[in-house]
């Protein structure tokens, strides 16, 4: 019996390695971006019924697992507050080094408020560069102002 | 006597509010992006001599403070491991929710390695949107592969 | 020279005790709710120019302090991750005991998404009760759905 | 053999997904609010004998599990001190940003004391709004004064 | 200018050592128990006007300090989550070793609920004993039951 | 094979719920206080041979488990440094709010030293009260003075 | 079914002890340094197909395990932020005691930037010494400068 | 009055920036390696009388400060357990990623024991490289075996 | 299959309770002190082949477990940074209360350096005392001086 | 005005360096062991009136400081839970590596109970050794048994 989405994520991850499937192929199968699809497969987003069934077929999941894919999960994909993996740590470092800069510049442009992490999308691309290819990432989030009341 | 860059950052921040200077004006004065300039003023980057003197003039800093601006600082701009400020927390949340996704997709495209946070740049723009304007941020970092030896 | 909003908050708090002003009087003076006004005076919200000047008059603040009141502050009003004050801890306990319940019921009603803490208001009232008066608090936050992309 | 309430909670959660039961239906079955019922099913409250048996029937639990439902549980539903899930974090953020405000306003109205988290109830409702529906939550807790002795 | 109750506590503590006053004398002066009085002087309780003025006279405090004594303080008297002082640690150890026992026995006697730490009193006495005198402490707290709704 | 006392505690706890035994009955069976007995059953004290065998009979434990009951255990009954359970937290709060008070009053009465948590006993009783019954707890610990050498 | 690289590491470690294989022999088998090879076997580096198959033969791993060896792993080999093992702690101590020294001297020689931990190699050798043999370790990392933009 | 070595370190650091002295010049002045000298100036090593006086002259320190330089300091140069500065973090990352590897290879070569961090030296050099210069660091520590007794 | 020394420690501990063996008997069997022997059985030291086989016979371990006893283990025997067990905590308290004293007195006698925890032995004895027997512990560690280079 | 014992400790420490006094001389002046005396001067023990006055003379303290020396202090001499100083860390490591061993052997000899850290003394001596002098430390603490009640 499955009692958490995390168990389904482990099944997907195990099945993916065993069957050699790529995230971009999964994305194509459900017709959405590779960023959203991967996050959803890793237990951070909720699939609708049709998407969940396609995922279930691809990774040979049980009906119970497919039902779990349609439930809003407890989110957060990292095992520690400060991540130990070097690739993910670099992102944490960007937040640490540039966090106050991002805050200042968004406030200078928009006033007090935040950039939404919910009404949000992400796009990851390779940029060819003779000095070594680069990872280019575009983040887009709606600005939400604090209001008085 | 000044014994840390943080003291200079506090002088800049205090002077900025008092004199009503904008970060974009500071950036223009030294001829660099507003992102790098703000990070540097907030104690995360090192100015060269000429830049430091312009900054010193703008914020009315002492010669000693100007000397400190040319020393590589102890970096990290946040007071706690998990940031309490809502705007900065949203970025931490993106790392938490999307961290494993970013890792998977960069590895799928590039193999094992990281996106550099040093050979790195950032660009923050307002995107007009009838449903509410958006914050668009482009991050660009060189891919650095792990090699065997 | 003032280098953080926290210094202004301390001046307001000290001045409030010395002069015996009530938060509800401050709210009336700027024409907003007592909840928003108190949060703003405690360094969690940004005043506009006119409001800041009224606050400056009430608490006898310097022009520099009044300038700081108009800058979006680094938010977060608690000194530790788990609050030690009994009143505030009770709220933390509610999040701990009822957190998963709130999550389940919002998802059951709205689907995957969050209740905004930005497009948000709060109203605190006394409810008379023969067995002992009660504190009634109404929280209202816009539902923000996660979308696919 | 079952040695903690948490194991029963996992059985309920697994069974709920498998059978597609809604929390509001569970609440109706035992004749109490959906808020209390969900919290109890998630291991935060104690059922009496009759309620426990209804829950046992609904989720097909063993007699041993039904016995556990009648034992006061070790409470606290979150895996980390600072929650990683975005929906639950927003509540933690409200405590962080508004904590000192709530404290000030309750003290201004009632004097020194706390709002009880035990003699406490919660009501979660959808509020229709043309700009996007809102989550409305009413919290009601008895005021408990500190006394001298 | 005084911006926190903690500053007043430090003045009281400093003045107490300098003048050689005993807590039991302070308690007698305001006509309350030595336990409540000491907690209040150490910044954990709120004095009324008359009490505050007596305290102010005893410790030679300013009018501003006397005003602060009448404000409900941010409570919590220990500098770390796990106390380093051996005497206070022994109490933390009692909570650690006997915590689950206390919980079981209160639930066995009263059902689900808590022992209040607000409607609460404490009495510390010396008990003569030929094998070495003992510290006897009586804690009395109202039982508050969780209720269904 | 059993490799820790904690496994025996889990067997006792599971067996207790299944068989509906009360702690006060267990205490009567071994002829000691309910406080010590419960603490011992929850893995915080060491039984002698005769007591262990009675416990083994009551809870239907294996010989191996009975052997473990006679071994001094690794003590500490709480899963986190700051307890999340509301009942146990109230005790932690008492240590937090009254810790410095207890320290001051014991030192005022006895001089420098501690109240022992080893040569220690505890007694929990219900006190009837028309305004709501109270939990009364008496703690008794030997005073141990620091000595010079 | 295998759902993390860590499970494969445990199989390698168990198999290594059982079969008495040396890391230097493993390194010879795949024709790389003992430092890189050991790190890879311990789950910190990614093998290519041919290397993974040799490792699979040596340690008698399943095909599924061999597939996992070719996936970039979640890195970080220590169970706690401050390591408890004395040998590994000594390295943490070097970072603690010499960290600011290393920073100062690299900046004095190279300017602002870092020593890469990705474009990085390590060589561990025994140095005979009459007063007791020494461990000599050479670390080599590319200098990566921060650039303006 | 100076009450900690850290105050002297701050004076040295402030004076160094003001006067534009290089660590390599300081090392030459006292005739030792730049690594040891920098660590000592940053409060991690103890100077003898003659060295302390040279340092005192270079940085214009008081006699009291010079006395402090000859006292074994409380060591540890980093403000947090996990360092936030990117350059120093890379070293922490090496310990995290390679820690178990270093442990395995030293044990394979030497048996059980540690590499001393006391009978230890470090040498930092620039290595020219057409693909970008490298930082080369040699660490040498005596092997200390665990013995039976 | 065994994948860590900890699993072997659990087998030894379980077997010891089941068979009623004493640590002093184990020490006699391998001809070493009870202190070293116990530490080694609890997974903190490495046995040689002959010792491991005696231990294997005493505790009826498999050949695989005996092989693990000869591998240098990941050391550290406590589950939390601040130990919760009262006996072990008292030692931690000694480090907390006397730590700076030990540091001062070793430096006064020996100069800058440390007392080795590797070239180290410990002896625990009962000292009869009419006021209550005492635990006497002798620690002996080589002094290792910091040297200049 | 002095509001904590820590301020007096800082005065003693500053005065000691300035005047070049040794701890052993201080001990001789008050006629007690160097271990107790140093701990007391560092704020961990309470002086009686006569001792405090001698200390006051030696270190040229004010009357107020001398009064503070006679107040039982808030104990604990280390700034972090895991000490960063190498000498003090070695002691923490002994607790970590040998903690469970000490526990087992004391229980084997004495039964369940603890070694007191209050009725406790410590003696630090140099032991000459041709292979390098050793630090010998004798710890003596009364055994305190847990009793049933």
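So that you can tell them apart, the chains are marked A, B, C, D, E, F, G, H, I and J in the order they are listed, and the count of residues begins at 1 in each.
FYI, a residue touches a chain if its C-beta (ideal position, glycine included) is under 8 Å from a C-beta of that chain, and two chains touch if they have at least 3 such contacts.
It should be emphasised that the depicted structure is a prediction, and the values quoted were computed from it without experimental measurement.
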Touching both chain E and chain H (chains): I, J
Least hop count linking chain B to chain H through chains in contact: 1
Longest centre-to-centre distance from chain E, chain (CA-based): G
Chain at maximum distance from chain I, centres defined as averaged CA atoms: C
Distance from chain H to chain A - Cα centre to Cα centre, in angstrom: 41
Between chain D and chain G, centroid-to-centroid distance (C-alpha), Å: 46
Rounded Å distance, chain C centre to chain D centre (Cα mean): 24
Residues within chain D bordering two or more other chains: 35, 71, 74-76, 78, 81-82, 84-86, 93, 96-97, 100, 103, 107, 113-114, 116-118, 144
Chains that touch, pairwise: A-B, A-C, A-D, A-G, A-H, B-C, B-D, B-G, B-H, C-D, C-E, C-F, D-E, D-F, E-F, E-I, E-J, F-I, F-J, G-H, G-I, G-J, H-I, H-J, I-J
Chain H contact footprint on chain J (complex, rising order): 10-11, 13-15, 17-18, 20, 80, 82, 84-86
Contacting residues of chain J [partner chain F, same complex]: 32-33, 35-36, 45-46, 71-72, 74, 103, 107, 111-114, 116, 118-119, 121, 144-149
Contacting residues of chain A [partner chain H, same complex]: 82, 84, 86, 89, 93, 96-97
For the chain E and chain F complex, residues of the former touching the latter: 22-24, 34-35, 38-39, 42, 44, 75-78, 81-83, 85-88, 90-110, 113-117, 120, 122, 124, 126-127, 129, 131-144
Parts of chain F lying in touch with chain I, wherever the complex brings them together: 1-4, 64, 67-68, 71, 74-76, 78, 81, 117-118
